[in-house]
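In what follows, a structure is listed as structure tokens, so that the remarks can point back to it.
Chain nomenclature is as follows: A, B and C, assigned in order of appearance, with residue numbering initiated at 1 for each chain independently.
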């Protein structure tokens, strides 16, 4: 007799658990307002990433096309895998002294791991992380970027 | 005429055959190759072949400075990356004997528990998907989305965070951090009972996980299976209780232990751990002390000569960092004790005599992440 | 629009038009060809609609949107998939048995075609009206097993063989339950002919008239028919996360499309049988005695009633698939032989008793 009761109890509890599970998924199909996915390429105009999002490294230029990089190579030392290469040259400034000035800021995007170690290392706050995350290109040489546009440095940058 | 000698010939049993659950397989959670020797559908032996994603991280750490090692540890167990970062940072800070501000400890603990929650959510989703209920995958990721949004706003990245540095945090938390975390706790406390209704109480799921893959307590201790997999067999191994670090001495939580040692016990351990994590965050989120977010260290960190070991409790088990330093700016040798490696070694013992479908269930409950095993 | 309510007008007028011009044997031949073409079009449309419906419904269960880009709301997605499959290279294994390998998809499609021909779609739209209707449909849909076993064997692949053997055992076991649960209602109707079964539900559907045993039989029919079509929680023959697609691993291109299409056609067939026997076929929802209510229900043409009921059954099957985990092979067989079969047998006895005493409505 116990066996028969257990048989029917098993069936009852089994069916009840199945129906509860179906109720959960049934709830979601009847509430289509709760859909959480976004239609990505169509909503690019309204898409805004967070401020601290690590997309890629850029050199900050203001409206006069000037940047703050002194060529001190602190970011190159802090970078773990050689993504940043600073090529600098010596020029004469107004006082006639030879100072080191940045020639090219080479950034290998294909090797960058976005670890954010270079940004706090910079003493003049010349670089920051932009929120641009679409890096796919068809030609690999486009991933080696020169970050400084033809411009100059503003004053009071400290080595 | 030659004598006929009696010889022993080693033969396969006539019915056995080998099947390769190859490196590309939907349910091995990464690149793991399992060579199964089967008899019909019963498994006689499981042999894991590792190394498909070995990237020589430990060797790379010998050439990097201590701050640069952090971004490499992100990529090992990428689902609990914050805890791995914390392990290396604590090891270095103990070596340098610096005192960390209370604020840093509390924030590190909160973010650790959030990471543990997101790892368990992904585990739950994948477990349902391996057993055939594909909808659970999407539900796990939906809930995880809120946590990755919290991380994206504060740390800048969603998966590989590199937020810890030796000495504290890279930058202070975002002003929205507390509010977002509190909203998340309220939201998730309503969703977690749904996990039970959809999978834990389901009769089909219970039939597939009860009594499968039993690991006794003595076997768990001798194989070194830690984390929820070990606690499901009754092995009390929670590092947060036995060797507390960061803000864990200040919080009250239970260590979840179960006696049966089968798949269902390990599953329930993880679900209950999710409730405990919510509890811990609740206790800490309103009481973040004010203060600095880091201690100023030298730019070039040099540990004194010696050996340092630090262990933390990740979502998979006990993770350890062993640093041998000879006074230079990179460690002489760095060794990681990964929980997945020990957990995987018990797979053979647990799955003898089970069917292929059970093997999938056992591997899901072990919660393996193969980059953690291969480093 | 009169023909929409009774297709007899349409088929009758076509028959007269043809008979006026040709001899009777030629008329039969031309009508056969017309019917065959209609069914092929039905198959193609069925494939398109059901695949799209499955993708959209599964997406809404999972809180996402599904196909949205190809065509408005993604409606042309299936056509794009078919074009892609047409372009694929039809690979055959070096060790495979070529004749059987190529034959297997056709056997499955043939059995699906044979079964669909006997279903009553609407009043007057019934192609093969045998007087052993249900028996014929059951017998013919079990021919599909041969196709699956051939596919698994001729692929010369360990995974396919395991999948095919599992599937063979499963289908043969669950045919019993399907047959017995249908028998529960046949006990009341007294005839195997499908059109008689539909006509006898003119004063209410059998699931209401037969009360408790009919409801139990309906539940058993739902479970057993999802197992028959290798769907839902019983899909271990093609369990993607264990054996990487099971018995149709080695098929690509159009032959794979046939397997896929045959699965959806089978789903339609079992849903249609369930709708015919339990839910009243193309009969509108009548309550015996309320003539005003019945007149309102009559307003909707029978073909839409039929399609609505079939859609409901298919939705339930999809709901099962996307909610539950999979059963293991021994649990599946336990379910059939220890639970479904005994309950079915007891149910038939109870229903026979009720039929004798006249306690049904």
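Keep this in mind: a contact is a pair of C-beta atoms (placed from the backbone, for glycine too) under 8 Å apart; a residue touches a chain by one contact, two chains touch by 3 or more.
Please read these numbers as outputs of a predicted model, since none were measured by experiment.
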{"item": "A-C or B-C - the one linked by more C-beta pairs in contact", "value": "B-C"}
{"item": "Closest chain to global C-alpha mean, per-chain Cα centroids", "value": "B"}
{"item": "Chain centre separation (subunit A, subunit B; CA means) in Å", "value": "25"}
{"item": "Rounded Å distance between subunit B and subunit C, as computed from the means of their C-alpha atoms", "value": "46"}
{"item": "Subunit A and subunit C: spacing of chain centres that average the CA atoms, whole Å", "value": "51"}
{"item": "Per-residue multi-chain contacts in subunit B, two or more chains", "value": "135, 142, 198-199, 202, 204"}
{"item": "Where subunit A touches two or more other chains, by residue", "value": "18, 21, 24-25, 36"}
{"item": "Residues within subunit C bordering two or more other chains", "value": "61-64, 322-324"}
{"item": "Subunit A to subunit B touching residues, read off their complex", "value": "13-14, 17-18, 20-21, 23-25, 36, 49-50, 52-54, 78, 80, 113-117, 120, 129"}
{"item": "Subunit C-touching residues of subunit A, taken from the complex the two chains share", "value": "11, 18, 21-22, 24-26, 28-29, 32, 34-37, 39"}
{"item": "Residues on subunit C engaged by subunit B in the complex (per definition of touch)", "value": "58, 61-64, 158-159, 162, 233, 235-236, 239-244, 322-331"}
{"item": "Residue ranges of subunit B in contact with subunit C within the complex", "value": "17, 19, 25-27, 41, 128-135, 138-139, 142, 198-199, 202, 204-205, 207-208, 355-358, 360"}
{"item": "Residue numbers on subunit C that touch subunit A, as the complex places them", "value": "57, 60-65, 68, 319-320, 322-324, 339"}
